[in-house]
Amino acid sequence: MPSLSYLVARLLQIIPTFLLVMVFIFLLVRMLPGDPAIAMAEAKATDAQVVQIRRNLGLDQPLPVQFMVFVKNTLSGDLGRSIMMKAPVSEVILSRLPTTIFLSLYAVALAVLLAGPLAFLAAMRANTTTDVVIRGVFQVGLSMPVFYIGLVLLTVLAAQLRWFPVGGYGTTFLGNLHHLMLPALSVALYTSAIIVRNLRASLIEVLDADYVQFARAKGLTPRIVMTRHVLRNALVSTVTLLGLSIGNLMSGTLVTETVFAIPGVGRLMLEAIFARDYPLIQGLTLTFAVMVSVVFLLTDVVQSLLDPRLRKS
Amino acid sequence: MSALGHTSQRRPNRLLAFLGRAFARPSFVIGFAIIACSILLALCPQVFAPYDPLAFDMTAIQQPPSLAHPFGTDNFGRDVLSRVIWAYRVDMQMALLATIFALTIGVTAGAFVGYYGGIADTIFGRCVDAIITFPFLVLVIAIVAVLGPGLVNMYIAITMVNWVYYARLTRAEIMTQKANDYAAAGRVLGFSDRRIIFRHLLPNAISPVIVYWMTDMALAILLGSSLGYLGLGAQPPAAEWGVLISEGRNFLLTAWWMSLMPGVAIVLTGLGFSLLGDALADLLRAKGR
Amino acid sequence: MSEPRQHTVLELRYLRTEFGSRERPLIAVDDVSFSVKAGEILGLVGESGSGKSITLRSILGIVRPRGRVGGEILWKGRDLAALDEAALRKVRGREIAMIFQEPMSSLNPLLTVGLQISENLATHTDLDARARKTKAVELLEMVGIPAARNRLGDYPHEFSGGMRQRVMIAIALASNPQLLLADEPTTALDVTIQDQILRLIQSLSRDLGMAVILVTHDMGVVAQTCDRVAVMYGGRLCELGTTTQVIGDARHPYALGLLRSIPRDVAPRTPLYSIPGAPPSLSALPPGCAFTARCPVAGLECGDVRPPLAAVGQHHQVACHRRAEALAHFRQHEAAS
Amino acid sequence: MKRFLPLLLGAALGFGAATSALAIERGGSMTFARYDDSTVIDPVWADRNPDLWMITSLYETLLRNGADGAIEPGLAESYAVAGDGKSISLKLRDGLKFSDGSAITGDDVVFSLDRARNPDGPWGGLLGSVEKVTAEGGKVTLSLKQPDPTIPSILATFNTGIVSKAAFEKASGSNDQEKAKAYFDNNPVTSGPFTMKSRVAGSSMSFARNPNYWRAGEDGKSLPYLDGVDFVVIPDDATRILKLQAGEVDVAEFIPFARVGELSGDASLKMELFPSTRIIYAPINTRDTRKDGSKNPLADLKVRQALNYATDKNMLIKLVTFDTGKPMTSLMSAATQLHYGPEPLYPYNPEKAKQLLAEAGADGGLDITFTTLAGSADDATLFTALQQMWAPLGVNLKVEQVDNPTRGAKNRNGEFDIHTYGWANDVNDPAQVTGWLGYYKQRQAVGTGWNNQEFNTLFEASNSEVDPAKRKDEYKRMQEIYAAEAPLLFLYETPFAVAVSKSLENYVQTPLGANDFSEAWRAK
């Protein structure tokens, strides 16, 4: 396990990042043209009402004052009330966050299941036809936009073959696995394409390494050579990539959640931006910032578990 | 001195040798061919496109692929093949302009920070973390909303976010290269920091960046098409693959070619970039950096 | 202890290893034959690309699946070339062990040294975990690792280059192999460490009666360590004999050239002799003698007819058509300088 | 809510004039796929269509909107306007009950109407003219500051839905809005045909039948026929249609017009085109100088008229609405009360357009920016078509796709030339739409900056004109002025396109957009 001081140092690093994100999102949101008052009331608020709504939301205060209020509330755990959802931001986020996390982890699991063996095959038979075919197929996953692949999957597998429900979210765990199969698959195609590229490259590099030759020369069984020596070393670099893809998946499922009608935070963020719901945008962004930082920290921990050379740093 | 100067004399034939080795690899050749054709189509679409991509033809609405219209027509009777070809101009431009500035800014920033380290490095680290933890697409959407729609603003938005990934990569590479002896040798010989960084450290650190750039260009097209789908990317009536696909989404069963054909174009271009990227990665690694 | 010295443990008969497509194969090792006795250290010398390292890897069969091994590899009477992967695997590490050149990258960076030793024991012996631990400590002490007991839990990056080479040897010897294949074990080390490692190999070979094939391109290492020497060029054997015979009385022009390029006690600043030309590429070898292109005394028949290994003395064989001219040519030069 | 006599010629109108002769079957439930989720269905605080259009399913109003636009009795069996028009009294039906069985009393009505008058709420202005609301037993009296002919329509509008005072006051929250949210979130007591059964934010919601609802169905028993309505939120049009075709839902709303033709051909579905009060138009900036100071050619009436004449509405109706829409005949939709518009405005006449431009001295070429809604296929098609239509006139039309709030902001601070907009009435009375589009003091004539003295005075007079005939003339005059002055690019009206499965009868989306499930039933 990495030293405690290393962990604490990394945790402390999240704080300045968090503060930077706070300042950054506060300004960015207020630079967006239009504001919540205009976006509300189906744009039917009269000019007088708009002024009134701005006063109620405290938007008529000078920026520094608004920022102080925002910082004071956020640090005391109060993310304010969502204007669009008319409910506390924390409540709204907590109700929809599990869906996105479930979808992201499900997608990454599928991606690893898809990419792992095929990357292995491509590496073992590098630069043969199998290798090129595998990379070609994954290339489709990497370049086809999710909103198209998603719709094709829905049309064929759900609407016509009825193997899966058409979008939506289940109630039980199994129900969710069934409901979220297609969206997870359409996201997994993209993530697995990245994993294959990276895993194949590192596998090729490891298979030529001297210690693998030495392991074979020691007469170890192929299984031990593959798992203990080859895979473990190849995984070290892929773990960082996996952490990065989980990180941006947390927010990258935005289009997928819209196409597959999944009540996740990705879609909520898009709706919040289109409604200029300042508290909700700020709350969601800070949540993403914390979650992604934690995922990156976990990746570092896993990586230092795998690779002792990183432990002492 | 000779150890340092030596590399530059042999540079010309080293490049030829490199290209020789590169063209020996099938994946490089295929990738290069695809991208070369894409650039050609992007430069002079009017030569290849059989029809005017914007001309309505109310009599030929949503006709399936035929000899007259190899890729069929869309809901305005416009020829899909011509629109896909004209879209090369927008999408290849997108692939280049959305990444080249991010690369230059990112590499310069990464190089300096990687080389000098210290306070600059920690501040840089936190800024990079802040941007990277930010949801990428959301940040681009917000910036496009602030700057206003249009391709130029989209490039600015993507560059403002994308440079971070290049900076991180370059910083890591420079840090490893910095440990090598020839960097110390440069200092001993009194080279200016700028000279050491740009004439010696960067040439060795740039290869993974180039490889990443290849895949990034493919991703830029994908990002552009997602923005197109959300209506924040290319403005109508200009043809862009993402916009074409989302225009065809409503007619998936009745006019499948409207979405499929631009989709094929995106995949093909993406394949070209990633084959180039893979081949370069293998070649540069084989050089035994 | 002399009896095991005579008994031949390994005999190669026309060993042939090729890579690439079957139609246009790259022949890395071409009809190499020699044998090694228990407790004997045979040096295998040659420039890089001469096939010396591939020969070792062919014996153990780890060139498979890309490389194809032909000819016979008689190990204690069994032909290893004919064995399938599973059977061959039982020989690797248990009866024949191998160590490599690059200590920095020959040990798995992610596993502790203790584990990398005990996995060898676990595969080839039925010792239980505790017994494996004590055996591992014994091995580390045997190869000269100080305070071995508490170094088991350490990782390779916590050892110096020389120490790592010792660890590698300990790992290789874990299951008491009768033959050690050492592929340039000291090339990456500085001279003082190199000397310690070579003396360690010699004492292990003598004490355990273990045969050793030591691959190197350094004639000094051969002179200091080996009982017999085989010189290879372009994948073929060009001279074979005892160390004193080959170093003292080399007959093959390539061997002579090699020896001439070793600095002797001559006046300072005299230019060193170096063999003209560059090592041949395996795809462009002439049918005859591989050295023809760079041989100062090459004749007409040298390029076409493959010179057989002919005996020039007791246990001393040379593969060259123009042995006399070669000897004359190099003696006359020596006299002149 | 009697079904609507089909006055309009929309393509495949799916339902007959009177209740079909089929035997009505009670029970069962239906699933409704909608484009967005409700956040708070509350008469006073709802401000998004997904909330607004659900209110009448939960809360009943004192009066109701009749089929031909007339006002009909609701919870109040009768109403009378005092001679001087300064007070209105209503007589509550007796024996009315909330969904929890408690009686609906005058106090509940006073409580609900007082809440509705809260100026902070988005709809407070509609009851601006009310002075005081009092009730004794079943008699409710509204005393007004000045005569207001719109009050009866307002009392038939969602914002005056009657809530249970006792139940509402139990809800937690520091102000009325927070109480409304808490009340809605915890199975509120309702007076309408349905009650709230359950809800999962962002994905689903379900209504249950309100056993105590006062209205009776064809078979004499109390409405609604269905036991419940389940809602599923599917934002993507294509996915929503797929779910319907897969049989997982009974109704899919907001069908893109591009799919109407295809779905009409589907045997298992009914492609309903419900008449609506929805208009698609494009406000034109009539101010003399643009925000950036440059001279605004559109300030000239002739230029605006020329652009209207140069716009082929029928071609647009074909390209954008796939022949489901019809040209605008006035500033308000044809289905709005007091509508006056004998024939479509500015029929396509390119020569006249060229001539008008020449007269305005603007035939040397015009650079105009057309601002559309990002992500809207209809807007993109509309722009592409207009660009081609106006090019021969020397108009160089550029597009600027922005998201909704940005468009709203550009409209409010005059930072636009022409931009797309839509509108659907919330109240059956024309005052809301006319005030919004034309009355300068309310919204600077929907942001166009058009300030016509005669129009403004007429509008102010009409708001306190008690005599219906005089009010009708005032509205006729206003619509004539508006048409002539053309502060908008008049485009077309579009129906609500809803696809319904064959097994479901009698679901209606009213012209005001409200989803009416009260008389829907499922054929076994």
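By letter and in written order, the chains are A, B, C and D; residue numbering begins at 1 in each of them.
What we mean here is this: a residue touches a chain if its C-beta (ideal position, glycine included) is under 8 Å from a C-beta of that chain, and two chains touch if they have at least 3 such contacts.
Note that the structure is a prediction, hence the values are computed from the model and not measured.
Participant: By C-alpha centroid distance to the whole-protein centroid, which chain wins?
Facilitator: A
Participant: Tell me which chain's centre, taken as the mean of its C-alpha atoms, is farthest from chain B.
Facilitator: Following the centroid criterion, the farthest chain would be C.
Participant: If you average the CA atoms of chain A and of chain B, how many Å lie between those two points?
Facilitator: 22
Participant: Using mean C-alpha positions as chain centres, tell me how far chain C is from chain D in Å, no decimals.
Facilitator: Chain centroid spacing, chain C to chain D, equals 91 Å.
Participant: For chain A versus chain D, what separation do you get between their C-alpha means, in angstrom?
Facilitator: Measuring from centre to centre gives 39 Å for this pair.
Participant: Using Cα averages as centroids, what's the distance between chain A and chain C in whole Å?
Facilitator: About 53 Å, centre to centre.
Participant: Would you pick out the residues of chain B that each touch at least 2 other chains?
Facilitator: Residue numbers touching two or more other chains: 145, 229-230, 246, 249, 252-253.
Participant: Would you please write down the residue numbers of chain C that are in contact with two or more other chains?
Facilitator: Within chain C, no residue contacts more than one other chain.
Participant: Could you list which residues of chain D touch at least two other chains?
Facilitator: Answer for chain D, listing residues that touch two or more other chains: 238, 402-403, 406.
Participant: Which chain pairs here would you call touching?
Facilitator: A-B, A-C, A-D, B-D
Participant: What does chain A use to touch chain C in their complex?
Facilitator: It comes out as residues 209-211, 213-221, 224, 228-229, 232-233, 236, 306-309.
Participant: Quick one: which bits of chain B touch chain D in the complex? Just the residue numbers, please.
Facilitator: 56, 75-76, 145, 148-150, 229-232, 235-237, 246-247, 249-254
Participant: Show me the residue ranges of chain A that touch chain B in the complex, using the header's touch definition.
Facilitator: My answer: residues 13, 16-17, 20-21, 24, 28-29, 31-33, 127, 132, 135-136, 139-140, 142-148, 151-152, 155, 197, 201, 204-205, 247-248, 250-252, 254-255, 266, 269-270, 273, 285, 288-289, 292-293, 296.
Participant: Considering the complex alone, what residue numbers of chain D touch chain B?
Facilitator: That would be residues 237-238, 256, 258-259, 262, 319, 373-377, 380-381, 383-384, 387-388, 399-403, 406 of chain D.
Participant: Under the definition above, what is the set of chain A residues touching chain D in their complex?
Facilitator: Residues 32-35, 38-47, 49-50, 52, 56, 84-87, 92, 95-96, 151, 154-155, 158-159, 162, 165-169, 258-263, 267-268, 273-276.
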